[in-house]
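Shared between the two complexes below is chain A, which has chain B as its partner in the first and chain C in the second.
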Partner chain A sequence: MAPRWKGKDAKSKKEAEAEALKEPMSKIISQLQSSLVQSNTCGFLSDNCVHLTVQAEQLDLLDKACFGRPVRIVEKDMYWFQLTVEEAFYLCYSLKCLKIKINVGADTGPLNDEELWHYFRSKKETFPYFYKAYSHLRMKNWVVRSGAQYGVDLIVYRHHPARVHSEYGVLVLSHDKDGDLNGRLRVWSDVHCTTRLLGGVAKTLLVLYVNKNGNNDESLLCLTNYTVEERTISRWSPEQCRERSI
Partner chain B sequence: MEGNKWGYSSNEDTSNDDDDVNLPNASDEEEDLHFTSHSLPKSQFRNIKSKARWNEEMGMAEVIEKNGKMWVSTGIVRSGKIYTSFEETLYFMELGALHLVDSENRSISIIEMYEKVSSRMTGCCWELFEAYRHLKSLGYIIGRHNFAWSLKSIRSSQKQVALEGTEESKQIVDMGSKVEHSISKLFGELKINELKPDFDIYLPDSRFRKSSPGDPNFLLYLSRGHLPSRAEIETLEKQCEGIPLKICLVTEGRVSFFSFDKVELPALP
Partner chain C sequence: MAPRWKGKDAKSKKEAEAEALKEPMSKIISQLQSSLVQSNTCGFLSDNCVHLTVQAEQLDLLDKACFGRPVRIVEKDMYWFQLTVEEAFYLCYSLKCLKIKINVGADTGPLNDEELWHYFRSKKETFPYFYKAYSHLRMKNWVVRSGAQYGVDLIVYRHHPARVHSEYGVLVLSHDKDGDLNGRLRVWSDVHCTTRLLGGVAKTLLVLYVNKNGNNDESLLCLTNYTVEERTISRWSPEQCRERSI
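Let's turn to the complex of A and B:
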């Protein structure tokens, strides 16, 4: 399926595509990165998400880069933002532009990567797999959001969702034992269901098989040894493909 | 100001308009309700009959009277004779294009063939037959996976020599009357639950020749009972040598096909 840029007519779709090309996601993310570093932004843990306060500039960049969601609290010149554990860990560990404390008023310094890994893992059993999947896509500059609305784990966009429709619905599975993560794609009916639902909203099902390659997830160090295999699952229609090359 | 175009990226705002696309598969929405119209591709009934003799040991039929063009892309050729697999035989019987007899020239009815379908020697099963019928009636050219269309095609295709052809090539030498034996041996070697593609499939092509079939457009595997695991799909793919694999599912007469393709999402700018 070709990317579907947003716009009322062909011309505005073209414009959306041109704008995205002019301002690639990698550029936006590095702007966000340096802005967060400069302002020494520090978030704090709140149960299974991370909160932070930011200035107008970072608010704009977080939105452009599609990290987290704003929390509406009326407070002058201060904006509250909420990040998922994957987003927070990506900004901390991969982009090194966010620090996280255990709580707002903590006297102790920010938690180190290893401590955060342990905390997130204790909050979400599947965190090692989901983080690997999330960072795998983010590192290729795809925009990653929750796929809950479409019955999948993630959805991915090739640029900001204001400019383009998402192309893939993603399920994260374990390479070793299929389906032990989230119980998905164990039976044909689930394949039918998922491809049909995603097909109905013009998305392709992308499965990410995360392979731990024999490593456990006790330490953050093992993360570098994880690999990801990508597969799309789609229905094929023999009625429509008689002459086309497949 | 550019800011206007961005808007907030909360899921509620951005994702909902993903929903108003036209459903690409809306057309098959109604399909199941009227099985006479769409669920089965229309089959043409034939007036001209060919005749074949069923060989129980081989699980195949030897065509003894050829009529019609279907023999260009149906059946395997061995020492000048055409042999049809179970699914090919039954398909043309259902179309009324083939008259089948046993070794004593007694007619074999379609009902008798339905009863035979699951017997071990046919190398077939009902769901596999349904998959065959579905694709064949759309004009696809279908052969059993790695069964050479003719012995000439073995020489023309390196691939099949490497796989199964060597075994067969040896048998070319003492061909003659032993041809039947060699084919039934081919069948006999198939293990029932062996994980391997079922069919080699070519797109509809009027220039198809059994003597030089070329590489199939894709290979088909019939899912039996359960969704194949990632590891099983990989085992199947290893046998495909780069030719795309489709996985087929037959449920209550409804045939669906899926691709499980290895991909690599591009790194974006």
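Let's turn to the complex of A and C:
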């Protein structure tokens, strides 16, 4: 399926595509990275997310780069912003442009990567392989958002959701330490269900299998040994392959 | 959701409903039962189904009662017909109107219920609780067909599919002897996916949980101890409950 750019007519769709090409996601993310580093931005842990206060410029860049969501205005030109645990860890650990403290008034310095890793793991059992999947897609400049609305783990956009419809619905699978496959696609009816639903909203099912390669220890180090296998699953109609003469 | 009778306009939908009321499914099934008993109909085992040859009258009744599907014409006024294992066992064991031999030319008599049960079990691991679910719905005069097209196990109609759209997509769940829940709805994303897909085609998700009540032996006797718990699962929109004043 080709990307479906947003617009009322062919011309405005072309314009959305041209604008996206002119301002690629990699460039936006670099700008966000520089801005957060310069202002020495520091977030703090909330229960299952990370909060930070940012200025109008960063609010704009976070929105353009599709990280998190604004919560409310704190004071003039200061905005309260909420990141998912994967987004926060990506900005801290992979992009090195965000620091995170244990709470808003903490006198102690920011947590190091290993401490954050353990905190997020403790809050969300699936964090290690969900983070691997998230960062795997982000590093390839895909925009990644929650897929709850479509009954999948993530949805993936070629550029900002205001410019283009998402192309993939993603399920993240892995084996736990007992060898059980977590969650989905264990039976045929689930494969049917997922591909049919996503097909109906013009998305393709992308399965990311995170292979832990035998690393069942709990440290951040094991993340570097994880590998990702990618598969797309589509419906196939027998008519596609029938010879015209039959 | 109200039943959606088929028709081009309101008038023909009303007619479809009136016809269905005039000729209830219980009556059609009684006619099929009498006809098959009178002609001493005998099918034979195929790999994962049962085949039988029937005359035009029974072909018509099988179609009206929504059992199986015609395969081809054998000779003038004789039709080759195919039943699923659940349909065949329902006609044999519950309605006592079909006999089944081991193969088409067998000199031996028909198999008894226990022999059939073991044969179907050996061909389809899920047969015991799928049969329980199938017969549970059929005995309440629902028409039951495969739900593969919608990524569920079964779909359920109030009357013949020519007259009415199906109302429910059914998933059949049970615990196997190790205590594992077979298949579906183990994670939230699957619940989302299934309800969203079925909602999109105006069906409700019906979950039939077959409780084996500790019966893990393999004989037909255990079937009588199985019980069925029924749940429907629907999407809920928060707007439904919001007070108008807010």
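As a working rule, the second predicted complex is superposed on the first by the 230 of 246 C-alpha atoms of A that agree within 3 Å, B and C clash if a C-alpha of one lies under 4 Å from a C-alpha of the other, contacts with A are read in each partner's own complex, and residues count from 1 in each chain.
Everything below uses one rule, namely that a residue touches a chain if its C-beta (ideal position, glycine included) is under 8 Å from a C-beta of that chain, and two chains touch if they have at least 3 such contacts.
What you see is a predicted model; the values in this text were computed from it and never measured.
Q: Between chain B (first) and chain C (second), which does A:Arg196 come into contact with in this model arrangement: first, second, both, or neither?
A: After superposing on A, A:Arg196 lies in contact with both chain B and chain C.
Q: Classify the contacts of A:Phe120 with the two partner chains as first (chain B alone), second (chain C alone), both, or neither.
A: A:Phe120 sits against neither chain B nor chain C.
Q: Once chain A of both complexes is superposed, is A:Glu229 in touch with chain B (first), chain C (second), both, or neither?
A: The answer is first: A:Glu229 touches chain B but not chain C.
Q: With both complexes overlaid on chain A, does A:Leu171 touch chain B (first), chain C (second), both or neither?
A: The answer is second: A:Leu171 touches chain C but not chain B.
Q: With the two complexes superposed on chain A, say which partner A:Arg186 touches: chain B (first), chain C (second), both, or neither.
A: Touch partners of A:Arg186: chain B and chain C.
Q: Looking at A:Arg69, would you say it contacts chain B, chain C, both, or neither? Reply first, second, both or neither.
A: first
Q: Just to be sure I read the superposition right, which of the two partners does A:Ala162 touch: chain B = first, chain C = second, or both, or neither?
A: A:Ala162: touches chain B, not chain C.
Q: Just to be sure I read the superposition right, which of the two partners does A:Tyr129 touch: chain B = first, chain C = second, or both, or neither?
A: neither
Q: Which of the two partners, first being chain B and second being chain C, lies in contact with A:Pro24: first, second, both, or neither?
A: In the superposition, A:Pro24 touches chain B alone.
Q: Looking at chain A, does chain C or chain B touch more of its residues?
A: B
Q: Shared contact residues on chain A, chain B side and chain C side combined as an intersection?
A: On chain A, the residues that contact chain B in one structure and chain C in the other are 148-150, 186-188, 191-192, 195-196, 200.
Q: Give the list of chain B residues in touch with chain A in this complex.
A: 3, 5-11, 14-15, 17-19, 21, 23-25, 41, 134-135, 138-140, 203-204, 217-218, 223, 226-227, 229-231, 244, 246, 249, 251, 256-269
Q: Going by the contact rule set out above, which residues of chain A touch chain B in the complex?
A: Those residues of chain A that touch chain B are 4, 6, 19, 21, 24-26, 60, 63-64, 66, 69-70, 137, 139-142, 145-146, 148-150, 155-156, 158-163, 165-166, 168, 173, 175, 178, 185-188, 191-192, 195-196, 199-203, 206, 209, 229-239, 241-243, 245-246.
Q: Provide the residue numbers of chain C that touch chain A in the complex, in ascending order.
A: Chain C residues touching chain A: 147-153, 171, 182-184, 186-197, 200.
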